[in-house]
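Going in written order, the chains are labelled A, B, C and D, and every chain counts its residues from 1.
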Amino acid sequence: MKKFLVLMLALAMMLSLFTAASAQDDKWYLGIMVHGLENEFWAQEANGAILFAESKENVEYQVMVTDGDDNKENQAIRDFIAKHGQRAFFITDVASTANSVNFAEICEEAGVYFTMLWQHAEGLEPKDFKHFVAHMSPDDFVSGYNTAKYLFDLIGGKGKVCALYGVQGEDSAANRYAGFQAALKDYPEIEMVDMQVASWSQDQAMNFTQTWLAAHDDIAAIWAANDTMGLGAIEALKLEGKNGKVFVNGVDGIAAAFDSVAAGDMASTVANNGYLLMGYGAAYAYEAAVNGKTFDRPVIKTNAPLITAENVAEYKAMFIDGQPEYNFNDLAFPVLSDYESFEELKNK
Amino acid sequence: MRGFSMWKRDGDFSLNELFKRNSFILSAVLIIGVFSVINPKFLSLYSLQNMSLEIAPLLPMACGIGFVLYSGSIDLSIGAVASVACVIAGTYVTETGHWIILYMVLFGVVAGLINGSLIAVLKLPSFIVTLCAQSVWRAMAIIISKGSSNTIPIKQRWIVNWATDKFLDFPVILWISLALVILCLVIERKTELGKSIFAIGANEKAARLAGVHTIKIKILTFVLCSTGAAIGGIMYAYKLKSSVPTIGDNLYMMAISSVALGGTLFSGGSGSVLRTLIGVISVMAISSGMNMAGVNPLWKDVVFGCVLIAAVAINSEKGGRSLIIK
Amino acid sequence: MSSEALFTTHDIGKVYGTNTVLQDINIRVWPGEIVGLIGENGAGKSTLLKIIAGVEEPSMGTMQMNGQNFRAGSMLNANESGIGMVFQEQSLINNLTVAQNIFLGREKQFSKGNFIIWSKMNAAARNVLNAMGLEDISEKAKVRDLSFAMRQMVEIAKVFDIVSAASNNHALILLDEPTTVLSDEEMVVLFDKIRQMKQRGNAIILISHRLQEVLEITDRIYVFKDGKLTAEVETQHADEAILYEKMVGRETNSEYFVSDRQTVPAQEAVLEVKDLSMFGSFKNVSFNLYKGEVLGLCGVEGSGKEDVCAVLCGDQAKTHGAIKVHQRKVDFKSPSDARDVGIISVPKNRREDGIIDILSLAENISVANYQKNAVYRLISNKNQRENAKHWVRSLGIRCSSVNQRIINLSGGNAQKVIFARVLDSECPILVLDHPTRGVDVGAKGDIYALIRSITEKGGSVLLMGDTLDESLGLSSRILVMKDGMICGEFDCPADNKPEQVDIVRLML
Amino acid sequence: MQFISGIGDELHIENTLPHQLRRSILTKQEDIWMELFRKRNRSSQTIAEEFVQKVENEARSNLIRVYAPITLLVGMTIFFSIYDSHFFSLKNILNILQQMAVPLILATGLSFVLLIGRIDLSVEGVMGFVGSFMALLILNDRNANDFGFWGVLIPIAIGIFYGLITGILHVKLRIASFIITFATGTIIKGIAILLYDSRAARVQEQWMTDWSMMSFLGIPLITWIAVAFFLVCSIILNYTAFGRAVYAIGDNEAAARASGINVERVTVKAFVISSTAAALAGFVALIRLKFGQASLGDDQMFPCITALVIGGASLSGGRGGTLQTIVGILIYMELLNFLTIIGVDANYKKALQGIIIIVAVALTLSRGRKTIAK
């Protein structure tokens, strides 16, 4: 019976709260949507957005993770809107290409401004939505292409290559691999031995690499779709003493990868620079929401430098050991000047 | 031992009994209560609509797997089945129109038949069979979707819009899945199938000797389950207006935990659709509530785990000490 | 008989919630005597033993072992102070060897450090078995390979060893219906084991429903009724009549098997069995079962009669031969097929194969025929309960409500529920496999009457009696099986039943 | 009368009834083996003869069932080696040995839980936690910690303790192990993520790097660790009272309780062992990868369980053990490795795996008309 009373109590509390109205305020609420925080790069993104939010005194923020799950994302943003109404605005690393449309529609319906990073669906254009402020991303395709190209040059344009794929069904995995394949077309003498799905997992990548090394003794390079898999491959190589001899790359630019590049184990990685992406993404959305700015070129490709032995030191200093300092009022800063060149490459 | 059955009891009615039997509602009320204390807007129409939108597709899946759990088996493949259904529906609805729903339901039936006959006829452990089925269907979903999620072209999205349109303030798919819940309730309480499932779950040997068609019933159980999963998958496709090959990867644990949260014992022979309904509502309330309470995402897993344990502990049907919990 | 008692209880009582199952029990047991406990199911016998053995806590009262106060917190304590119990349900572990079972939970004595030395244990087990005269059971054999009876013997051996190890020959051993699964000659073996124990000065308390046994082996008999100790009888002054009277407070009637209601079967054969064989169990069994007939199937354990029944109710597959029901040839893939053509069975061991434990009475009754309570193919729970109530009334099942879990019923009542189930299925042919096993005298009577009314209504029964005279008393015809073949047939009309000895002669 | 007539009988039983015959047969196993390959004309047998035959057949099928997994393993190995020469190369064998370290440890621990008919989904979480927490305690690139071996012991200890908690929750709250371990697993993984707060630590401990290189008799050290753990557990399982109790509970929990076994304690112990395994696995995985992510343990548990079942363990408890574990793991690892070597398209690989495993289980499991599969 005691439980029963508790139940009654709870009911009473609820009823009393129906009447209670929440206080109106003049703050703006930034919803930061990232895939998760266990991954370093995603955390970097979130921190970028937080950097911005803290640079503005009338902005409060909340970080929400989607685990790359469309449902969770939609639920989360609706919850946030339910909480803050029109005074909410979003910066999102959208869970999947497909869901970008839902995201746009939900925000449009609720009249909430947002900037989108990375994926966006075919035919989803900021211009079609009043509240779709901008779309920013370093191009996964480009990253895949550049890293692959760099590897192939290192091995002199010929030899056996294996590839480690990300999680099946995730777009960044698919696009990066597409970039890799595009590069493959440019190098006819490169022999593609095998591709395996290591699901961003260091352990699996290590196992696959070991098996490859057992099956073929003359592998020249291993292309990995992200840093953790690259690191896994390198661990396998270390056991054979082949680290640094067989070239491996990564993408994302996590601390471990920077170290590995510095140590000469990893040939290259790409610094996607989450700070810049989300920091400025948030800045764009803020300008639109608060000051009603609109932007004539809302689809923005950002600068994602290829990290190699030469430039690793300076970038590590900026991204890992410290946090970059950005002037979030200079909205032109993040824009990458020449990205059209890649567009026809994709269509090719 | 099930659901609200208390009210239909003749004669021996007592508030205490009533409470014991239906305490599983308590957890849901508490969860919702707590979160609405933290943030009153938790119960605003918009937020309720939002939750209902998430609850709708999960319901048929949870109800489906509920039956498998009542029968003492388990099905880990529902997520993957949902993925396949979602992918195919999302990819081809623009060509076939809504016939795709029928096809996908049929697909669910087939998937269930495969599981069921492997388990009931070949007598293989459901855990392993469905685990393998899971990897097979997952691969299928990936292959069909060519590895990435695709949205229905913006021009054609109107085709599926009706699913998320509001009817009496709530999305159509919610009403659909509520209808399905009622259907499941009828199956559970009113049909030979439902009753036999519980008999098998409680003591298969005895049920068999008493003339229950154990093999047939078991197969049907898994058919129910997979069909529910397929319907869930379709709903996701219509709700997200896209085909997502990874949609089911977390769903099967979601479904199973919501059944457990309703207080169903996994030892078989007990449980009810109503408990499942409560379970699903609670699960969604938890995740929505944490968003609205602004819980630090780093803490989410921890909080969810704890709430799950607590809720299951409160809700579990006490089978008496004699009952062995595995 | 030595002056001072080995074990005594003072006003022991047990209360579950509101209902008292045991009150003011005062018994004394002297070293070197065998005491029998008899009484209807639910009379509290088993509860008392469980309390003594430390499985359950007494709600009130005290006990004394060897003069000093004793309160068994757990079975282990009980064992240490020299009290051991053999349970009704078998408590051996099938996937362990005999030796491991005998010393389960007592491995310490054979272990060096923490590790068990198997050779030592096996040797010890060998001795235990030999001491029990079970030379032909291998201590290395897995229990799952043993027959039921042998398992029982092993279990008894185990308990004997436990307690005699604990106390030097002044142990108290509790046997809860040890003979239910034993075949006659195994019973003989068991009994002289018990007598040996007695010689050595141990005391034995024995529960049994077979009164002849009790009379044969015990020195004194305590009679229980409704949780009270109603009488104490010196065995030599007792006979069945007296005991019945004291137990059920009702005169034992010559009409025990209600023979006057025995029907004369019609000529129409409802079940025809031709050359039925099951590889390794029975062979070329042929017989007819006629409308309104009780056909008794006799034979020792392993004569194949159990398997005949198993095949007839679809539980096992026949290897060849033909079964005809109502002149239609049938072939069963599962019991459900048999049910569909009108054959259903009351299984032998109720706990595992009979009751659906955590479901309600009503569910348990209607499981064999859901559609009966259906309205437009949708089952009405109301009808189901009404139907259940009807059976509860007509079979006199004792229960708090039809929603009660069957697991909470006493053996006799549970068995009645099973009967309600098979009757509810409206199958004309019933296969009764030891229908009165572990059922108290009162319930037995009811069940006998029930069987009569079944045949009167034109149903047919294939019966395997729990005891020979049960088969004799009930059947209108008896088939005797030996080594998987039918080796004799007796007509037994109500007026002149054949002699038991003739049948036994054929069986052996 | 004479039951067994026939030419050259080894087994003479005079004047006996079948059920007595049954005894003598069960006790004269040797005779049965002799009988096994004996010819006899099947017509005109008495029941007794048939019975002897039946026992033989059962014994035979039993034999087959016990040795099916091993046969499968040998067959696979031979087939693979013939199919692709790389498979049986020393290098590849060493790979398999190294890759099976973690699964072997986990499976060994899980086998206890499976034997008592429970399941433990929390191992992945524990593994991830131990790995990532350990990386934070020993010399690493995230913080100044350098607790050396304490940094190894403390996380493992916590991992073991967590198993204790899980077990106690399971027996006290009486929640199905499937769901309670899922919950506790979620929790501890969450804790792991909390601890390293979004940036996993990279190990810089020199000895750990050395250990990953070290090998004895050409076999990598971590494999030796796994094998050692495996052996210890085998001894616990086969030579201690606890081991017997585990089997007893798995076979018949009520009976085990009745014969004075403290079921709760044994159950908890089993969970402790499985979490110990998980903790150790986390340590080994860290040695391999030197990168303390919470995802360290992901997708580790289901493969192990599959492997155990292929090996002949039963999910409902009671069946399984040392042999089943090692064989199952080997089969599974070889299959994985082979599919990679011959370069099966990654998309179809998983599907193929699933199908192969179902077939394998179907082949190795013994099932009768009355078998109950759940």
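Going forward, a residue touches a chain if its C-beta (ideal position, glycine included) is under 8 Å from a C-beta of that chain, and two chains touch if they have at least 3 such contacts.
This is a predicted model, so every value here is computed, not measured.
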| item | value |
| --- | --- |
| Minimum number of chain-to-chain touching steps separating chain A from chain C | 2 |
| Pair of chains joined by more contacts [C-beta pairs], B-D or A-D | B-D |
| Chain whose mean Cα position lies farthest from chain C | A |
| Distance between chain centroids, defined by C-alpha means - chain C, chain D (Å) | 39 |
| Rounded Å distance between chain A and chain B, as computed from the means of their C-alpha atoms | 32 |
| Shared interface positions of chain C, touching two or more other chains | 315 |
| Contacts with two or more other chains, residues of chain A listed in rising order | 37, 168 |
| Interface hub residues of chain D, defined as touching at least two other chains | 193, 197-198, 254, 347, 349, 370 |
| Contact pairs between chains, per stated definition | A-B, A-D, B-C, B-D, C-D |
| Chain A-facing residues of chain B, complex | 15-16, 19, 23, 26, 29-30, 32-34, 36-37, 39-44, 46-47, 49-51, 53-54, 90, 141-142, 145, 147-151, 153-155, 157, 236, 240-247, 250, 284, 287-288, 291-292, 294, 296-298, 300, 314 |
| Chain D-touching residues of chain C, taken from the complex the two chains share | 55, 74-76, 79, 87, 89-96, 100-101, 104-105, 107-108, 111, 114-116, 136-138, 141, 145-147, 149-150, 183, 279-283, 300-304, 315-317, 482-485, 508 |
| Residues of chain D defined as touching chain B within the complex | 117-119, 169-170, 173-180, 182-187, 189-191, 193-194, 197-198, 253-254, 302, 305-306, 309, 314-317, 347-351, 353-355, 357-358, 361-362, 365, 367, 370-374 |
| Contacting residues of chain C [partner chain B, same complex] | 313, 315, 334-336, 338-340, 344-345, 347, 352-360, 363, 366-371, 374, 377-382, 385, 400-401, 403, 405, 407, 421, 425 |
| Chain D-touching residues of chain B, taken from the complex the two chains share | 72-74, 118-120, 122-129, 131-136, 138-140, 142-143, 147, 204-205, 253, 256-257, 260, 265-268, 298-302, 304-306, 308-309, 312-313, 316, 324-326 |
